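What follows is a set of structures for review.
You will see two complexes here that share chain A, one where it goes with chain B and one where it goes with chain C.
Here is the complex of A and B:
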């Protein structure tokens, strides 16, 4: 954290973090459910190994422990903005490929897209709280989808959902780190830690 | 020795011979005379091959072999009869061999060299298709044509049972010309030089599973191949959940053969090629049905603005999204065509077509197509005989009498060209439900009024109304809402 927290800022951050952790948890369980439905709908092998998919942010982070709060938030925000674009692409492909048939996956995808958008907005809130400018989205438009065959798109979708599920776990851990009171903030310990 | 003469064009012939002595010798003196050209024609040649005219009946040939010093050391005379001359057409030349990868079709073009021959000769062309690294013969087809004394370019298509990308395809052609009046032996030409369409397995970085994302009909036999890079190996190929036996096409390409393919799921059937080091490639096959003939096609108008056509789709195609069955409505008289937005999940299909000014009769063709096939259904309608008005709205009842009331209602539509038949249902607690019919001139977005008499005083009545076309009844509109009214006391 850049400067010692005022008690109200610390409380606000802890509130945002705990709500963010709950949202990440919900998002993860929804993504896991969708993964099962998606694998079945697309006729894929659930155990199929999918190579790193271009354009999908990797949840694994080197030296995760050493990251500062803003770094965590900025990386999370970049990732969820990317997922927003990737999920929107998947939704468009579902409509193009399946039309009204098998709309359950489409609806679930749309629901998760909403959650990802909400989570991105949540991260922006936290960044503003950290008095850090929120990176603008202009010029950060996602690259046009590479021309992939249908099978490659199916695998790509699998890769996106798997990585998003990993990110939800990582985001919860990041937010827990952020929720820890910073030194000298004098803030009351968070309810979780109260004796 | 062994003088042999072959003609390629029935006019000139090439004669060849051999010399028995092993030693070296000089030029040869070649003389020939034909019965229609008495003085012999002579010339020297170093070859053991000359080209001379084909005789009408026979030719006398004298061949003198000279020594290196020029002295004649062997002379032989031959009598060549027409029946001794063989006719072998020149090997045809392939002009072009063009692949259409989307349909796995090869298009072959060649010239028949007909200008060389008299008019009207029957020509037979043997076309051979070969495939794989080992250039195995896939098929041989005989194509027939008639020569017209002109050079005609022939075109012929062949559709492979496997994607052209899978492995190299080769084509060669030869011909046989049936010169009935030629008495000598006749034979097939040599094969043309072979033409190749290289497969992806010949490209350095070529790889992939083919066909890519294609649509086939249920019951089809499909060959799907996996092309991989040098050094890789295919561990297995699966079609849906099943592992299939592989057919080796080349060192970098193997295929599976799916027989009598069954309908795929909505997202298609995955064909996965699992390679060494856990690498994977794949394609998606959509197996569905051609569109069924639309059943119970029916068209009507409810407002003389839009004609609504409905039909039953018949058997579902099993194809969705951008591969779904698409519908279009073409009206022959006006030439107007409308594409229909259809929700695949609805059992009934609906399509709207604008009512055209000054056109009463409509000759519809409903076109139905998807990537597997197309179908159509037609219907000729006189619109005035297919009116089913919209539901009467804003029904109101007025009246300050004990035995009569006036009903008013609105119909959204333009019926100025017809007379409407409207039926009022009158019900009350004391008497049976009665129906009262009245014909009213149709109007344009009009309100209609009817008076009902012979009612009972101080009685609570429920009224509702529906309408149809008076002259040519087709169908009633739905009933309006019910309106209650109590007549005044007597």
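Here is the complex of A and C:
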């Protein structure tokens, strides 16, 4: 395994970061497109304020600029793994609903699920490059789907998509921070940011 | 003793001369000028339907002794109308600022109170020294889906009014316009202009939060703009400028992912490179000079024509040759 600072590792990191950034951008625009359709199809109010949904990783971060590279990767990875499970759940629920319009939403969800998986893979690769162990997924089994009414499930879906759109923006920024040439091993916070 | 009295425009004002009885003999003055007795009801001064011009110092003197018994400063004004509030982040992700103003003046002092709530958290908006009606907030959290709720209350002696703005973190991001826009002609290229600019200095971290740009340009003589969107880099070469025409050029910026476009930058003017005439001659002198120089009529550079005044050079000769060949070919065809 290449040492974290070797030129080839640095190149691979930059490559993974720039691909990840592009993927995050595509993910975001696809999620936003889906949000418009989802809101309309589910008969929801677009301005509905959804309280923090249980089990959905919040993109909000305090002291984001002070995070270390590995911290960013681990938080992102945990989030996208959770989204992978949540979207799979939504897809399952979507399949139970009938109708042509639902099929389109189902296809869009499946496409985003693929992107989320791909992004999680990028993050795992970046973690390996940092000579960091990739946390296993065994302990983090998704919680059993809560027993919710149809309307509650729709609102939950809205919350999932909204939060994913936020994460896509955050992840692009996280990867740009990572792609910056860092002095030392990257374990120390970047001195460029002034609080 | 002296104090201030605030009254609404159009109100009827009654001023008492301190503790003097109603039937006491008094004289009222406004800014030192005696007030006619017709405005008095006993010792009370009655001002009906006051207007702004009636603001000033009112004094009441005891009839014979001319002792000052009462003095007040009347300020006529209006209660505040709903204020206009706007919030914006031009230094994302550091924070944002809110600024406000009243749509119409009140003519009396106003105080402003602003509250910013993010979810359950109340945030402090630090007032700027300059400009006065502005405050700024540092972001504690980034990438939050929870909306911000900003309430501004304006209060004065005659009333109060407030307005509330609700927005999410991404929506108010609007950078300042790009700076140091420069447009230059490109030597030997009559249809090109090279434009360069810099990120606005208020944008703290263009590396992690890159900006994209929108360039617009048109010749001064036309109304319609050409547009180019640029996802990276701070320069662009215009390649379709009209030769010899002066252009006006502007650039705007936007965060790559979120928010809205900045205002347009300061406009710059530039004219593409044009070939310098070899002699600056008048019509009369042209007929006297011999063939070696270019004529005062400048053919467009892309279409060298084979005429008497053309420069004698290998390029021109080749064209003349080609034209000659074509003519000869036609000639052959028609034989």
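Convention: the second predicted complex is superposed on the first by the 176 of 195 C-alpha atoms of A that agree within 3 Å, B and C clash if a C-alpha of one lies under 4 Å from a C-alpha of the other, contacts with A are read in each partner's own complex, and residues count from 1 in each chain.
Note that in this section a contact is a pair of C-beta atoms (placed from the backbone, for glycine too) under 8 Å apart; a residue touches a chain by one contact, two chains touch by 3 or more.
These numbers come from a predicted model, not from an experiment.
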Report clash or fit for the pair chain B and chain C bound to chain A in the combined superposed model. fit
Identify the partner contact of A:62: answer first if only chain B is touched, second if only chain C is, both if each is, neither if none is. second
Using the touch definition from the top, say if A:163 reaches chain B (first), chain C (second), both or neither. second
Looking at A:95, would you say it contacts chain B, chain C, both, or neither? Reply first, second, both or neither. first
For A:45, using the defined touch cut-off, is the partner it touches chain B, chain C, both, or neither? Pick first, second, both or neither. first
Classify the contacts of A:123 with the two partner chains as first (chain B alone), second (chain C alone), both, or neither. neither
Calculate the angle at chain A, using C-alpha centres, between the directions toward chain B and chain C; round to the nearest 10 degrees. 110
After the superposition on A, what does A:16 contact: first (chain B), second (chain C), both or neither? neither
Does the superposition put A:150 against chain B (first), chain C (second), both, or neither? first
Rounded to a whole Å, what is the shortest Cα gap between chain B and chain C in the overlaid structures? 12
Footprint intersection on chain A (chain B / chain C) at 49
Contacting residues of chain A [partner chain C, same complex]: 25, 28, 49, 58-62, 64-65, 162-163, 166-167, 169-170, 172-173, 176-177, 180, 192-193
In the complex, go through chain C and note every residue touching chain A. 93, 140-147, 170, 205, 207-210, 257-258
Residues of chain B that touch chain A when the two form their complex: 208-209, 212-213, 240, 265-272, 278, 280-284, 320-322, 324, 343-345
Note which residues of chain A are touching chain B in the complex, please. 41-45, 48-49, 95-102, 149-152, 154-155
